[in-house]
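Pasting the structures in now, so scroll down.
In what comes next, chain A is part of two complexes: it sits with chain B in the first one and with chain C in the second one.
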Partner chain A sequence: MSKTLSEEFYRLMEQLQEVDFVLVELTLYLDTHPEDYDAIKQFNEFAQKSMVLKQQIETKYGPLQQYGNSYSGYPWNWDQPPWPWQM
Partner chain B sequence: MPTNRKYYRPYIGPCDPCPPIRVKSYETPPQLYLGFQPYGLKQFDPSTALRKGTLWPALYAPYTNPYEPREEEE
Partner chain C sequence: MWIYEKKLQYPVKVSKCDPMMAKFLIEQYGGADGELAAALRYLNQRYTIPDKIIGLLTDIGTEEFAHLEMIATMVYKLTKDATAEEMKEAGLGAHYADHDKALFYHNAAGAPFTATYIQAKGDPITDLYEDIAAEEKARATYQWLINMSDDPDIIDSLSFLREREIVHSQRFREAVEILKEDQGRKKVF
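On to the complex of A and B.
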């Protein structure tokens, strides 16, 4: 994990935050609108986008989550800085 | 959609040491007037949605400052 964080990292993380926020909003919306087909289509589209973004970030900058939600680098590096509040 | 601001006149006691505030106001969120959210509402694009805090402009309700320029209020 590079000590000084590159601009690329921040850009990718911001995109991931945007996509994840849309997913949060759509989840809340779909809880009360289960038959809204367009919203579900949009939800799946953003879920796919989020997976792609996470995969990009994790291959370059290490795992984002733990307990099998992210692949680990070698050596075991999930506890490497930066942590979310240090980014 | 700017939330409509409601006003009320608090009771002013006779022995009130400070100059009384005669009219007070509070913001009411848009979801009170929306009822069941209609389908296919217009959406923000993701980056503004993240900054504004909601995906739907209709539900965007910043707490405007009542003491800012008066003419801003509706």
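On to the complex of A and C.
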């Protein structure tokens, strides 16, 4: 059930958690401050960073999202452990 | 539509098997001021709130599901290696009898989740005041949980969640101001 993952996976995952946290925080902030130009600039920069990191993780460790938001490997690798609570 | 992401919002580590802490943490899973109640409350209020606030309720409601998964992960990790005897000693005998190690939406005292924990009044300011109160109650609960833990990893994750309640409360307070401003403007002929 809990496959041992490399240190690299955990490092990349933590980087993604950091970048995506900035995006969550800025999303909520922009919901109530829609005209903050600098915040939107920062949001778009981090959206780009997040995309690059996700691609890096998915190429090596499989899809982070499905319904077509991520590519699939062969065979279908979406349901491969570990799930977040198993990491 | 919602898209699931195979990633916790913030890392959850636990230092030891601790079913008693899991029993307390369940308060934030299926309790009155827990993450399930929060997610369902905000996502349900969206339909009748003014347009300017829909995005905020959607995004905070969605983040609450990420928090629900963090709590579930803590409970799962704290109990997965516990024996039946250890579950019993931790006060989880009644839980174990009905659910084994499965999670269940109830509070720390075992009362099952109920929709009566949440309200949607249809009055925007009233709904937002309820939301602010909900965030503050959840923040207090996280503090009481932190006070009962001696596990630095659990305290770290709980501290993150406590901080998120503060940010959500702040955003809801700003939403109240946005609505007030809007209502004030409409009165000018």
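Keep this in mind: the second predicted complex is superposed on the first by the 84 of 87 C-alpha atoms of A that agree within 3 Å, B and C clash if a C-alpha of one lies under 4 Å from a C-alpha of the other, contacts with A are read in each partner's own complex, and residues count from 1 in each chain.
By definition in this document, contacts are C-beta pairs under 8 Å (C-beta built on N, C-alpha and C of every residue); 3 or more make two chains touch, one makes a residue touch a chain.
On a predicted model such as this, the values are computed, not experimentally measured, just so you know.
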item: Contacts of A:L53 with chain B and chain C, given as first, second, both or neither; value: neither
item: Touched partner set for A:M87, first chain B, second chain C, both or neither; value: second
item: First, second, both or neither for A:T32, with chain B first and chain C second; value: both
item: Touched partner set for A:Q17, first chain B, second chain C, both or neither; value: both
item: Touch count on chain A, higher of chain B and chain C; value: C
item: First (chain B), second (chain C), both or neither touched by A:P63; value: second
item: Doubly contacted residues of chain A, that is, touched by chain B and again by chain C; value: 14, 17, 21, 25, 29, 32-33
item: Partner chain B, residues of chain A touching it in the complex; value: 14, 17-19, 21-22, 25-26, 29, 32-33, 36, 38
item: Sites on chain B touched by chain A in the complex; value: 36-37, 39-40, 46-47, 49-50, 54-56
item: List of chain A residues in touch with chain C within their complex; value: 13-14, 16-17, 20-21, 24-25, 27-29, 31-33, 63-67, 69, 83-85, 87
item: Contact set on chain C toward chain A in their complex; value: 3-12, 55-56, 59-60, 63, 69, 72-73, 76-77, 167-168, 171, 174-175, 178
